[in-house]
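One structure is given here, and the rest of the page talks about it.
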Amino acid sequence: MDVILFLIFAIIAVVCAINVVVQTHPISSAISLVGVMGSLAVLYLLLGAEFIAAAQVIVYAGAVMVLFVFVIMLLNAGAEVRKGRSLMVQLLGVPLLIVFLGLTAYFVRRLFPGDVTVHFGGFTGGTAQAIGRALFTTYLLPFEITSILILIAIVGAIVLARKELD
Amino acid sequence: MQLWLIPILPLAGFLINGLFGRRFSKAVVNVFAIGSVVLAFAWALKTLVALAPLNTPYTEHYFTWIQSGTFTLNWDFSVDRLTAVMLMIVTGIGSLIHIYSIGYMAHEHGPNHGGYYRFFAYLNLFMFFMLTLVLGANYLVLFVGWEGVGLCSYLLIGFYFDKKFATNAGNKAFIVNRIGDFGFSLAMFYMFRSFGSLDFGTVFKQAPGAPEAVLTTIGLLLLVGACGKSAQIPLYVWLPDAMAGPTPVSALIHAATMVTAGVYMCARSWPIYTHAPVALHAIAVIGVVTAFFAATIGMLQNDIKKVFAYSTVSQLGYMFVGVGVGAFSAGVYHLMTHAFFKALLFLGSGSVIHALGGEQDMRRMGGLREKIPWTFWTMMCAGVAIAGVPPFAGFYSKDAILLAANQSAPWIYWVGTITAGLTAFYVFRAIFMTFFGTYRGEAHHPHESPPVMLVPLVILALLSLVGGYLFKIPEFLAPLFPALEVHENFTLMAISTAAGLLGILVAYILYVASPGTADSIAGSFKGLYTLVYNKYFVDEVYDAAIVKPVVNGSRTVLWRGADAGLIDGLVNGAGTAARGVGSVLRRMQSGNIRSYATWVLLGSVLLIVFSVMLWGPLQ
Amino acid sequence: MDSFIVISLIKVLVVFAVLMTTLAYLQWVERKVIAHIQVRPGPYRVGPHGLLQPLADVIKLITKEDLLPSYVNKPLYLMAPFISVSMALLSISVIPFGPTIQVGPYRTWMQLTDLNIGVIFILAVSSLGVYGIALAGWASNNKYALLGGLRSSAQMISYELPLSLAVAGPLLLSNTLSLRELVGTQAGGFWHWNVLRGPFPQIFSFLIFLIAAFAETNRVPFDLPEAENELVAGFHTEYSSMKFASFFMAEYANMITVSCMATLLFLGGWNAPWPAEYGSSLVPVFLFAIAGVIALYHGMNAARKRDKYTFPAFGVIFLIIAGVFLLPFVQSWLMPLFWFCAKTGTILFAFMWIRGTLPRFRYDQLMGFTWKFLFPVAMLNLLVTGFLVAWF
Amino acid sequence: MSAIPISWFLALSAVLFALGVAGFLFRRNIVTVFMSIELMLNAVNLSFITFSYYFKKVDGHLFAFFVMVVAAAEAAVGLAIILTVFKNRATLNIDEVDSMKN
């Protein structure tokens, strides 16, 4: 059951991620990305991270990506124009990516041999209560700093998007 | 007990006057400036009464100032009997001089018409730092006050900053003091290294067990600091020049309080010195040499304030002698009586100068006895006090020092006695030249000072007369310092008193009974006269031996050679090299984000590869 | 395990069927209510009192030609109504309608599934609903639709903030995220409902929630995404037949969801307003009996010919329902269901009432209202609630 | 067979991350590039959650939470910048936004 769920959503995630990269139109990419995020949320649930799963949907899919879609709609951005090029990317891009993937695969195999497995309900520490507790005790300072960061981001976004900049 | 209130009050006065004084009328400035100091005096008095009998030090902890590794330094204030004496002197004399200043500075605008509030703001700031110095419970807090009073001294010497000589004098004081402070800093470093602390209590507890070499080094380094602050040979040269400041400043800072900080610090460090006899002896020798040396210079000065400036140097030498022969309480005793009569002498001379509209040269004074009688009589009181005429203040303290010196090293006693005679001579020379004979100055009708100036004079005169008898400092401080068995010796007392009386007599003969004799004597000892009159050419020697080489060396080697050639060359070369490398490397900066991202990816891949190569595959 | 699947399947079917019917008839009720507010009879022709009107509408929408304009972005155009309606229906799945029900040997909750983060789940799913409207607006390739889509995404993101903050208030009081437990903490009478409960009654929260819910569901006075006199029909200008019906269904399903949420969060869910020993279980009996009597009375004095038969029929049905409520063995689950439906229905009625009463906001007023008024007030309310909860 | 090896999750995370990198490298539209970054962040989040499961500690969730918050802030500012860039240059092609060159 768990394996099937994992496979389904992992495949959805990968397919959507590929779609993000290959689609020429940004809005298709955006919708695909929402798909990735949604399937990741399911995987989070599988890993016992129910709060993060909900937060993933609310924050990422519900707010960040809506913002993306909103901006795409606002700019009415069309499909990508293939103009300009970078020799660097063309020469090194693909080989480097393959090397990178190979290295990560090596590390994952090396560090996490198959004896550790995941099954639903194997970890129940991800409740909203547990996260809230950690957030307001151990991680209080990062939390406060993050809130300041968000405040700065709000101010920055407003300043940047003001009409006077025209 | 809220010890912090004592220094904070003047600080508040400084902040108020310093920030808003420009908008205040003089009356308002007076209220804040004098009020804060008088309140500090009152609070200090109340605190000390409440803390009596103060057999053990009372310490207050405020906050941890520095915390670094094993080094912890607290901002603590502490009061013991020595501090109590200093507190009373500083706040009491300070209050009197503040009050006096109202009258003295009444017509003072100073540069930029900001003189009045600026003067009182600095004076209050000085009080703050001086009280911090006195109250500090460790060497660093003391050092804060030490540096702070140095700053205020600099600011106040250069009070007339539109006058070149005033700013020069300020710079001189500041720079000479740096040498002393350098010694003090080294002493603190070494102290921390040896004892791991700068707290008085901790250091003094460990001092008896420490090697003598360590203690001697620390003691000598501290002595360097004390020499700078208290104007001892060879660092005394700044004090005579410091007279460029207003007279109340000379009285408060350069006679009564700040310059005695060195004596205070040496007395405070007695546990170190008692176990370092070499350093202790060095104090005595420096003290007695300075006392004699400065007294001879003082004999021939014509500027009334210069006379008292050299006198101050000389008397500080006496205090050092007291400390140096192990009679710490006698040194502090003289510190107190000296504060009374020297402040009075300065304030009196200020009154004279005020009466004559700024005239400072004694050759153009004379016959002022009837014109300004209050000033005359109060200065007479100071004169007999400093001359060591029994039973006035100076007699007690000077006698205590000389007796102790005799026990330690008779030659110090004899030099000190001769100096006592010289002291009596030059002080009365000044008084006779000023108040006796006929008026030699130009027109300008001399007038008596206002009551606000006279009241402090009278109070100080009373203190000069009876202060030595009233405040028996050696008995008060007896529990604090190691007991020094001093045998009463009436012969020696009689000799030193006679020396003082002889000095007065000679001065009377030379400057009142038969004026003109002095000049003929000077003529017959032409060479010696010129040497002493020009202060032994010490300033010139320093200039030739230290200042010129340093300036020239800086100009040719450091500036032209090192700075322009080497450093600039390096900087310029670095710039050129960077541009050369940059012109190659900038090809990487294609302005194309995607190629940058490729670099990042390449970097991270290499990072992983390297980390594998370095640490091997994990697990 | 098997019984779990079977029961779940049955529950899904039941809820789906009931929900679809409710959706259809909600439309009828709304038309009727607004008609009566505007002093006109409303749908009247199809069936008695237009009762068969929804059926007729459905038939019309299904049989209508399904236009697919040539200039649209096809995949997204087709996906948009699907997203809308599925997100709207998804949130129903965690809403409990009542306590446990005993069917033979099986005991089950009147709820499809219970999440211990149920409240957050509903917020998450409702935040995804924006995509339907935004994509519909964009994929239609029509300026009115695009404007509608833009407006709706901005509006829904903006109003989600006060909505979430308002939800947080009762959550603080109840100290749980599970909708079931939420109701459990409010049992014992209306003074235990979160809207009135100490230490800080969530009245402000409730009002903010309602206002934000109106905006989230794009209802009057916040129906700017489809403002017909400005934007023709906003984001669904280009949609027709079943695709249009999907948006319609989504809107009404969302209304039901938020009404259920309001009931669960603030109004004590299926708890009776006062305990049964004081006769709260007789309320539905009386209500239905009175309705039945009135219907019978009208049937006897029929104004029109048809009423002679319809009114008595309704009267009898109402009386039977009243009787059913008296049966003790159904009372245990029927009473909670009744109270839940009554509360939800009241809020739904408020939706319609306000639609019939208030004019539409201007767009800048709409945004200013949420950012400058609703959001700060919700924040303040949350702060005060938090402090008081921590205090007591 | 109802348990998934933990390495599968990490492999999925790596694949998603690599796809994000690929998107960053090969796409020219600023918005898409930005979305690739979000994809990478999501991949990292998956790793965090997986490690959290592995160590049976909640800390990984907190990291993921902070990543989300920072990503939200980043999106707000980043999109504002994109809007401004588009206003000033009327292009979304990342290769044309290179005035820092030279």
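In order of appearance the chains are A, B, C and D, and numbering begins at 1 in each one.
The criterion applied here is as follows: contacts are C-beta pairs under 8 Å (C-beta built on N, C-alpha and C of every residue); 3 or more make two chains touch, one makes a residue touch a chain.
Computed from a prediction, not measured in an experiment: that's the story for all the values here.
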Contact-richer chain pair [A-B vs B-D]: A-B
CA centroid of chain C to CA centroid of chain D, Å: 37
For chain B paired with chain D, centre-to-centre distance based on mean C-alpha positions, whole Å: 67
Centre-of-Cα separation between chain C and chain B, whole angstrom: 87
Chain B residues counted as touching two or more neighbouring chains: 590, 592, 594, 597-598, 601
Where chain C touches two or more other chains at once, by residue number: none
Junction residues of chain D - those touching two or more other chains: 21, 25-26, 28, 95
Arrangement of touching chains [line / ring / star / complete / other]: other
In contact (per the touch rule at the top): chain pairs: A-B, A-C, A-D, B-D
Complex contact set, residues of chain A against chain B: 84, 86-89, 92-93, 96-97, 99-100, 103, 107, 110-111
Residue ranges of chain D in contact with chain A within the complex: 1-12, 14-23, 25-29, 31-32, 34-36, 38-39, 42, 45-46, 49-50, 52-54, 56-59, 61-62, 64-66, 68-77, 79-84, 86-88, 92-93, 95-96
Chain A residues touching chain D - in the complex, by the definition given at the top: 1-3, 6, 10, 13-14, 17-18, 20-21, 26, 29-30, 33, 36-37, 40, 43-44, 46-49, 51-52, 55-56, 59-60, 63-65, 67-68, 71-72, 74-75, 77, 80-86, 89, 93, 97, 100-101, 104-105, 108-109, 112-114, 116-119, 122-123, 125-126, 130-131, 134-135, 138-139, 142, 146, 149-150, 152-154, 156-158, 160-161, 165-166
Chain A-facing residues of chain B, complex: 590, 592, 594-595, 597-599, 601-602, 604-605, 608-609, 617-619
Chain C - residues contacting chain A, complex: 73, 75-76, 79, 115-117, 120-121, 123-125, 127-128, 130-131, 134-135, 137-138, 146, 149-150, 153-154, 157, 160, 177
